[in-house]
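Both complexes below contain chain A, partnered by chain B and then by chain C.
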Partner chain A sequence: MNPRSRGQILHALGLIAVLVFTIFPFFWMVSSSFKTQADLLASPPVWLFRPTLANYADVFADQKVIDAVLNSLIVALGSTGLSVILGTPAAFALARYEFRGKSDLWFWFISNRFISPIVLALPIYLLGLQLRILDTHLVLILVYVTFILPIVIWISTDQFRSIPRELEEAARLEGASQFDIFRRIYLPLGLPGIAVSAIFGFIFSWNELLYALVLTRRAVQTAPVVATSFMSGYELPWGKIMATGTVIVLPVTIFALLVSRHMVRGLTMGATK
Partner chain B sequence: MSYLKLEGVEKSYGAARIIRGVDIAAEKGEFVVFVGPSGCGKSTLLRMVAGLEEVSGGEIFIDGARVTDLEPAQRKVSMVFQSYALFPHMSVRDNIAFGLKMSRVPKAEIDRQVAEAARILRMEDLLDRKPRQLSGGQRQRVAIGRAIVRHPKLFLFDEPLSNLDAELRAQMRVEIARLHRNLGVTMIYVTHDQVEAMTLADRIVVLRAGQVEQIGSPKDLYERPANTFVAGFIGSPKMNFLSATVTSRNSDRVELAHPSLAAPLSVIRRGGNGAEPAPGDTVTLGLRPEHLGLEAGDSRIELTADLAESLGGATLIYGQTAAGESVTLQTPGWRSLDKSERFAARFDAAQAYVFDKDGRAF
Partner chain C sequence: MTTPSTRRRLAYGRWTPFWFLAPAVLALFLIGIWPTLFALVTSLRRYNITRPRDGFPFIGLDNYVQVLTDPTFWDTLGRTAGFFLVVMPIQVALGLAIALMLHRPGLGMLRSLARVSLVVPLATTYAVVGLLGRLIFNRDFGVANALIGLFGFPPIDWLGNPTGAFVAICVMDIWQWTPFCALIFLSGLSMVPVDIEEAARLETPSKWALFWQVQRPYLLPGFTAMLILRSADVLKLFDMVFTMTRGGPGAATELISIYIQRVGFRVFDMGLASAQALLLLVITVVLARVYIRFFYREIEA
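Take a look at the complex of A and B:
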């Protein structure tokens, strides 16, 4: 065996190890969701079993789960959409204009994320209480926007900076207003970056548990909150928890696959030599 | 008043003065070329005319109106960028129509204008393509098309051909010249290539270090360069410069001596603002390679051969004078010379140039 192919084999083994390590929990969740309670509790664990859809039937019969997935969708789409609408013009300004306090503003966006979320949980709870918006979609959307907006701004600013300045100058000479330049040139050409930040934002909102637990009660429980709520009581319905987990993961996966098309760079190719 | 007028235009970035008091006037329908080595400020000057760079001092007038503080779009100028600056996500049609859409021109009128531009530039079948599906020359034409449809007062070109290969560059040069003739519009064209400047321009502005060295027709600059910089920049291969001594002078002639000259050379004075020479002064003698030959000519200079390059139709011979100065000559046909072979280059004294010790013509 020559050294080169041995190197390749070691490389492949390393990759497989990483892959198994990262995918196994996911595999275990999905496979467990198809097991009966007896198979789930078997020791040693069974690898071959007769799959059942009973857990999914259970999940979809439970109005609480359906509502939770809907709530999660509303909150994730709302917060991601709002962040993109607010963040992209801000990124345009940061990428293309010089103004006083620009670097301070930039640092402020970053420093927002220095604070551990748990530190702010109580103040935000009290604010929500005062404003009487606890247990609404709005309170979660507003809180998530504060997390997603900086991500949208960082990534989009970087993306906008890579757009050749001549395009903007050509458009200015052609009589385009600032807003035209933003909407007709920067937005379409910056789409890869905006899509990436939207994916991050959506995944963040979808999976967020801490604030969802603190700020909601019954009306607006999101999917992660409901999944954890099964653990209370005297029994642990593993199958149902795993099926719920699978149902929760699916929308994010589909969303990521849909927008990943835009992540392909190279849209700017052909603009300039 | 001239159609385009720059008065004492200045540009500084902090302490760095990029453009130092430039005055230029151009008439309607003229083809003006800004030429100079890289970093001379020619592109900055063009961008100031376009309104993409602010003016630090001086005034700019277009068609009699002061535009110094106007937005680019209000100046009614179009620009073709070196990088073309086509919008990559739009079709050729949308690229060309962009400016018209911005000015809220009715749809039918836009279609008519785009079709007209496509016909002029012979790219009717490319209208639905994206810029990345086009070759360099085609992209260039789209950029020109985008400029044409707006019927601007001025066409500005910023080194438009420098991204093209040699063959395409020559072809596009002819197309731009034809376009200028057919449209009869005023064009300002920036290049560092003196061949483009000589072939396209009605009027050439030679710039160096943010200052105008000379303005004139290609023939003027070739025949009466104001100084050694212009003389060396215009013409290819570059003019030969030899250090000579004045032996005598009168109002229309100077007589020069040089170690390699067989006899004192009597040169006609072409005029200029150089210092009045006195016998014994050191001056610069300028000889164009294409005016030096091996057969005909009333004067001769003794050279030692270095190298001969045959181009087929002509041969470039590189030699050295007794003082060690290099001299290039261009002669028709095939020639071969042995290294260190001694030979005489012949020329007509009427085609020699003289410059004072600061390089100014007199």
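Take a look at the complex of A and C:
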């Protein structure tokens, strides 16, 4: 065998190893969700089994899971929507104007990406207790804005900067206000970037556990909280847990695949593209 | 500086940026700064919400003294650093290997499939990664034991012993975040101008020389970003470890965010937990500052 084709075989094997590495745990979750309890508890684990839909029937018959998915959806859409409404004008200002304190403001927006949720979870719990807004959608939506807003601002600023200034000349000559320019030129042209940032916002808020765990009780438990709550008792309902996990993970995985080209940009706040 | 004439050319007033920024600033102030100030006040009080009858008296810096002299706090910080030092080199090495494989020409189909698959771990809900970890590392029916059994090792009670549990959370973190490193390295590799890379390939048969002389400089900024972001993320790490081990057994996997959550929401000593959280915030803000210094120089200027 010549060295060239040997290299190619090694390359192919390496890539297959990468695929196995990234997909295996995901595959294991999905396949476990189709197993009966007996198959799940088999030792050694079984690879070939007769699939059952019982776990999914169980999950979709459980009002708690349905409610949790709805709660997650409300909170994720609410916090993402609010972040877009608040963030895009700010991004417009950062992209188009020069003013004092701009770099400090920028630093403050971006540094929210670094803050551990536990830092805010404690005081917001105490404030929420006093304001009687614990265990409401509102408190989660507001808290999630703290980490979604910076992403929206970052990605939208970047997008708005790439819009050529000449495009607003005509509008300005017609006497359009700055807000008109923002609304009629920047928002539509910046839509791709705004959409990407919204998808990131949705994914992050959908996946969040710590805030949801400490700021909710019963009424607005989100999907990750409910999935975690199955982890008690003597014999764990593994099939149901894995089916719930699959139900939670599948939609965000699809979303993430949609923005996979921008994954690095979103996760590093644009430090690498 | 804006002179009156440039202002007319730009056609906006002094206050225009203010109106566009006000909503976002106000919102982040109300849900970010105000609670942080509240935490600051709380950290100066004895604030155990299970004992409201004691009131919440101001006790000065007592909570801070207690945190700084609390061996458990330093242990958890040390454990968090240890966790970072275990997972980071592995993620960097694996990530680099994966990026180089994905960058190498040929095998288009398989290559794009592998590239897309990197998104899967990154998108998986962190809490679900923890639940999955409990299944995979189960002593009796976990697939991890089946795997090491193939090599003749006896089954291990991973989550039942301190070292095993620590290894298990490391493995799950490595699974989830190696793709992040791989994607950053890959984007660095694709920044190398094609003609330079081609010329280098013709000039030297050595892959190492190509990597070290040509590709490495393009990888360094991404590498720095990765180090800073991953260290911030490890300080934030809660969901996966909480669902997998709750910090146990004992305190074997109690990382800093898990510990503060326990003090705050299971011991309910809010004053002490607030002091801990604010010290964590200080570390984080330093990290953020460094990050921004490195990567947003044109905005600072």
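Throughout what follows, the second predicted complex is superposed on the first by the 238 of 273 C-alpha atoms of A that agree within 3 Å, B and C clash if a C-alpha of one lies under 4 Å from a C-alpha of the other, contacts with A are read in each partner's own complex, and residues count from 1 in each chain.
Keep this in mind: contacts are C-beta pairs under 8 Å (C-beta built on N, C-alpha and C of every residue); 3 or more make two chains touch, one makes a residue touch a chain.
Note that the structure is a prediction, hence the values are computed from the model and not measured.
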If touched residues of chain A are counted for chain B and for chain C, the larger one: C
Which of chain B and chain C A:P164 touches, first, second, both or neither: first
Touching partner for A:P237 - first (chain B), second (chain C), both, neither: neither
Contacts of A:S43 with chain B and chain C, given as first, second, both or neither: second
Partner chain(s) touched by A:R172 [first = chain B, second = chain C, both, neither]: both
Touching partner for A:P117 - first (chain B), second (chain C), both, neither: second
Partner chain(s) touched by A:G81 [first = chain B, second = chain C, both, neither]: neither
Chain B versus chain C as contact partner of A:L189, first or second or both or neither: first
Shared contact residues on chain A - chain B and chain C: 172, 267-268, 270-273
Touch list for chain B against partner chain A, complex: 50-52, 71-73, 77-79, 81, 83-89, 98-99, 102-103, 130-134, 136, 139, 146, 150, 163
Of chain A, residues touching chain B in the complex: 164, 166-167, 169-177, 180, 184-185, 188-189, 267-273
Contact set on chain C toward chain A in their complex: 2, 11-12, 16-21, 23-25, 27-28, 30-32, 34-36, 38-39, 42, 49, 97-98, 101-102, 104, 106-107, 110-111, 113-114, 116-132, 134-136, 140-143, 145-146, 149, 172, 175, 178-180, 183-184, 187-188, 221-222, 225, 229, 232, 235-236, 238-239, 242-243, 256-257, 260-261, 264-265, 270, 273-274, 277-278, 280-281, 284-285, 287-289, 291-292, 294-296, 299-300
Chain A to chain C touching residues, read off their complex: 8, 11-12, 14-16, 18-19, 21-23, 25-26, 28-29, 32, 40-45, 82, 85-87, 89-90, 92-94, 97-99, 102-103, 105-127, 129, 142-143, 145-146, 149, 153, 172, 178, 182, 203, 206-210, 213-214, 223-224, 227-228, 231, 238, 241-242, 245, 248-249, 252-253, 255-257, 260, 263-264, 267-268, 270-273
